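Below is one structure, written out as structure tokens; the observations come after it.
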Amino acid sequence: MEYSQLEAAVIFAARELSKHDGKNLIAGIGLPVLVTKLAKELYAPNIKINIESGSFDVLIPEIPVSLFGPRISYRCSAQLSNLHSLAGTGRGDYEIGFIGGAQVDKYGNVNSTVIGNYLGKHKRIAGSGGAVDIGCFTNTIIIVAHHPKKLVEFVDYITTPGWKVKKPFSDELVDREELGLPGGPMMIVTNLCIMKFDDKTKEAYVETIYPGVKEEEIVKMTGFDVDVSRAKVGEEVTKEELETLRKIDILNIYRTR
Amino acid sequence: MEYSQLEAAVIFAARELSKHDGKNLIAGIGLPVLVTKLAKELYAPNIKINIESGSFDVLIPEIPVSLFGPRISYRCSAQLSNLHSLAGTGRGDYEIGFIGGAQVDKYGNVNSTVIGNYLGKHKRIAGSGGAVDIGCFTNTIIIVAHHPKKLVEFVDYITTPGWKVKKPFSDELVDREELGLPGGPMMIVTNLCIMKFDDKTKEAYVETIYPGVKEEEIVKMTGFDVDVSRAKVGEEVTKEELETLRKIDILNIYRTR
Amino acid sequence: MSEKVVTLEEAIREVKNGDIVAFGGVLDSRFPMAAIYEIMRQQKKNLITLAILSLHDPAVGAGCIRGFIGCYNYLGAFGKAPCIERECNKGNLIIEDLGHNDSLLIFMAAAFGLNFVASNYTKGSDILNPKYSKIEKIRELARNKEKIPKKKYILMKDPFTENGEERVLLPAIKPDVAILHVQQVGTEGTCRIFGVEGVDQFAALAADKVIVIAEEIVPEEYLREDPNRNLIPNIHVDKIVELPWGAHPTVVSHYYDLDMEFIMNYVKEAQTEDGFQRWAEEWVYSIENHHEYVKKLGIERLMKLRAVKGLGFRPRTWLKGW
Amino acid sequence: MSEKVVTLEEAIREVKNGDIVAFGGVLDSRFPMAAIYEIMRQQKKNLITLAILSLHDPAVGAGCIRGFIGCYNYLGAFGKAPCIERECNKGNLIIEDLGHNDSLLIFMAAAFGLNFVASNYTKGSDILNPKYSKIEKIRELARNKEKIPKKKYILMKDPFTENGEERVLLPAIKPDVAILHVQQVGTEGTCRIFGVEGVDQFAALAADKVIVIAEEIVPEEYLREDPNRNLIPNIHVDKIVELPWGAHPTVVSHYYDLDMEFIMNYVKEAQTEDGFQRWAEEWVYSIENHHEYVKKLGIERLMKLRAVKGLGFRPRTWLKGW
């Protein structure tokens, strides 16, 4: 079956969640919801999806456009305030946090606030939403379109702390651990590959390439010097995966195809 | 009709609330609930009674033994957490706070924590409950049995700040205003009289004596040198007041008679 | 019926220029749009808004809102908020970037009578970087300047622990007015919300004045049959307005769905200043009140948006006909 | 049925000596009495309890609880708590006196991931007076000493305001375990409470481990029909125990009333140490489990306590016969 690169991204990301069945996860707006729903259908039936909308253990009967609407709160365990759910990051409730981002660097720092110079010429983008909270305390999965302007050497603004972060009240870069932050980026999922982080350097390297994608393309489309030497080719997308995904987003609301 | 002194206290206190119809009040455990319910029946139908149990605008269909039971939460406006209601003191939501106390001094400071020396020989009593929170931010009415051991020169321990209070982290006495605390004691209601506070000295004086009570008795039963020169005799308790009170506490749960 | 019940026009007259306004709902959900339109009609100035929203975009375009302390500036799935972006670029809108928890904690702290809290939700990020803070500029806009803290954050050593870890102090902000759109309000002000609660309760407790706009006014006694189900007590509500469809085009759980077409059209029109002016003229200024707005939307459009009982939304595959 | 469902005995095995235990309910309402009895049977030691309670009195008498950080030590309308008073006088129970709001804020802060908050709820009182603080002694009892702050309060100038008013810093405390008694729990742990909510939700969010004892286990789907009505999400609940009448003799809204006679008898018996030992032997140690306790209470007694539907309690004038 034919499939788009973005469909591959969603499916490969969902496969990664199979290792976390039964755990608590918090998912941000957009593709994370689609990925986690697919994972719950196929690989991790007991994963608990929580949303910063105050909705715990959500079922997602239909892919939502709004992260704060009835398709999220529908028959969740409890519908409380946004703070009740998102403060679960600080409490240590969520093993995994799943976010998107406009700009991601090789240390897994994410920028969703401004592109350019915050104090000079820049373009405003979405803003943090819950991304900073999720990034400070959970093991994050970051999903982003593979493009040299999006996968960069260093982000213009750290919205979500990755492995090399700002020392509070300064521009000095320090290791995440130095600030006592738990968790950290686990992987970057793009429409071409999955990158993980080297234990020592904390830099992203290509771990899994989707079938049919060329290494050269990844190198060309990555805005930093990326290690592809450890890359393996992922298993082919199955008919079941694709059909399930298309059934979940039957109207292609998330434009994955 | 015959009535007890405690019934007089409840009725005279309820009359005082007639000036506050339509306002928000927070009432503590015990007699305050009985007084406010009587006031709502007779003098202040639109007074809003709130309880530190998280219960807003309560109806009190039957006099409760527990301040945290179903007779309090019954058809209140909203039943939230204790913090939701009691923090209304700090928010400035309640014009009046109504509390009891084991020991009250001439400045309207209330002690409900220990009788004696906290660091030496002492007897433990109830503890603050919400009394300190109510006393810091509202105009308080304090109800107490008239006895020289209960109405004292200065309390053994300030649980609820009155007019002369402790400077934070010290034993130094300062005026309440110096700490920026709003409100303050409005009156002390006993089974013999109502005391109010002199605007200048902030000391309690007898304002209203219940019919049949002798001045000498008040002087004798008061543990501090009390000014009775301004006292007037209150209006006789009516049949309607007494009947309503006895109907509210039909089983004499609060032992007012 | 209580004296609290007024018209939308009367309720919005309570909003003063330079007020700190907390809107209820979140983003494209249960957002008080009719209030946004009325704020535009009454030409409020220098308002400062808080928290996670963005469907206030038209009121930014109309020059009513000039300060924002919060965490989000997109129209969710509909992408960039055209007026927010434009007015921000022109220097007319000042944004102080926070995280989501901190945006909420500002209300929570005020709701519970606290002055500040030690929050750890931004460590390592540039949100905490003081060089990006614009709180002083926002302070200048405020009618009650003392309500806006002198600093966005302050760093201190934890005095309660052995090691004295660094803590981030985040100050409370008490809104002048909260404007909420809820599904049901009792005749005396008790509120019941269905679905996502957002920060409505904390905002209502924290604000000096609370305006509640509701899909329905219902008997107070009905809501009081189950007080545990209610989110905001009557004593906290100052003004009540009944406005069915008053959150259109945002989604109201158990009542109606997102009007995606309407929002997409807005986004398209508002790309240019002229386009936004035309849109505002058509959908706000030339419309006398909410009744006329609903009539202009038309029955056809509204019927398609109705939520299905037992679900709280209308499944997209059920959309054929109504 | 989820693996979370266990017996009371198994659940209470999760409580370790020296644990900081948050009990749900308040005072004589919805208090987890069966858990108190089982704590006595399992002879826990050096427990530290928080907040507003006092019906834990028998576990104080039995020597299980030795620290208390909270605001209330009476049995409500039933007067003094005999074992608390006695053990306190003997130096076996260490009480750190707080106000009610501060007792709650300790949980709230922990629930929302804060380290401390600036609270103003004790200014002017001796509660704030450091010479009366016993926090260091309570710290010695704790299994996880770092969980108890070094100081009860700290005073600082407000760094966010022009005048620098003095603020009182109050630290969060994260309980090791929360033990709640609720009316309904879903098969996966979702909790629904009727009537007074106490601090159960904050305690559940804050605690490392959460044990929920319920009048009834109900289908999870039933509670999920209205998630806005639920107070504690399933993901926060670790152990579930079904124990009808498990809060006896305290009151459980919509289920049963206060057993005043039982409490008055307890108060009378526990006036002396011997009397308390006799009471404990009769009502705790000689009773194998909660089933036996309920049988001993007898049907006659229980039927009189049943709440009336539509009211949530049984009017006292309806007590003739059952």
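Per-chain numbering from 1; labels A, B, C and D assigned in written order.
As a working rule, a contact is a pair of C-beta atoms (placed from the backbone, for glycine too) under 8 Å apart; a residue touches a chain by one contact, two chains touch by 3 or more.
All of these numbers come straight from a predicted model, not from anything done at the bench.
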Between B-C and B-D, the pair with more C-beta contacts
B-D
Please report how many Å separate the Cα centroid of subunit B from that of subunit D, as a whole number.
27
Whole-Å distance, C-alpha centre of subunit C to that of subunit D, is 37
Subunit A to subunit B, mean C-alpha position gap in Å, rounds to 57
When centres are defined as mean Cα positions, the distance from subunit B to subunit C in whole Å is 40
Which parts of subunit B, given as residue numbers and ranges, touch two or more other chains?
55, 73, 79-80, 83, 87, 89-90
Listed in rising order, subunit D residues that touch 2 or more other chains are 101, 105, 108, 112-114, 120-121, 194-195, 197, 201, 228, 231
Please list each pair of chains that are touching.
A-C, A-D, B-C, B-D, C-D
Okay, in this complex, where on subunit D does subunit A touch?
110-114, 186, 188-191, 201, 205-206, 220-221, 223-225, 227-228, 230-236
Subunit A - residues contacting subunit D, complex:
24, 48, 50, 55-57, 73, 75-80, 83-84, 87-91, 93
Flag every residue of subunit D that touches subunit C in the complex, lowest number first.
101, 105, 108-109, 112-121, 146, 149-151, 154, 156, 158-162, 167, 169, 171, 193-195, 197, 226, 228-229, 231
Contact footprint of subunit B on subunit D as seen in their complex:
25-30, 52, 70-74, 76-77, 80, 84-85, 88-89, 95, 97-101, 104-105, 108, 120-132, 153, 155, 165-166, 168, 194-199, 201-202, 250-251, 253-254, 257-258, 260, 307, 311-313, 315-317
Interface residues, subunit A side, partner subunit C - complex:
29-30, 52-55, 61-62, 65-74, 79-83, 86-87, 89-90, 113, 118-119, 123-133, 135-136, 157-161, 165-166, 168-171, 176, 179-181, 250-251, 253
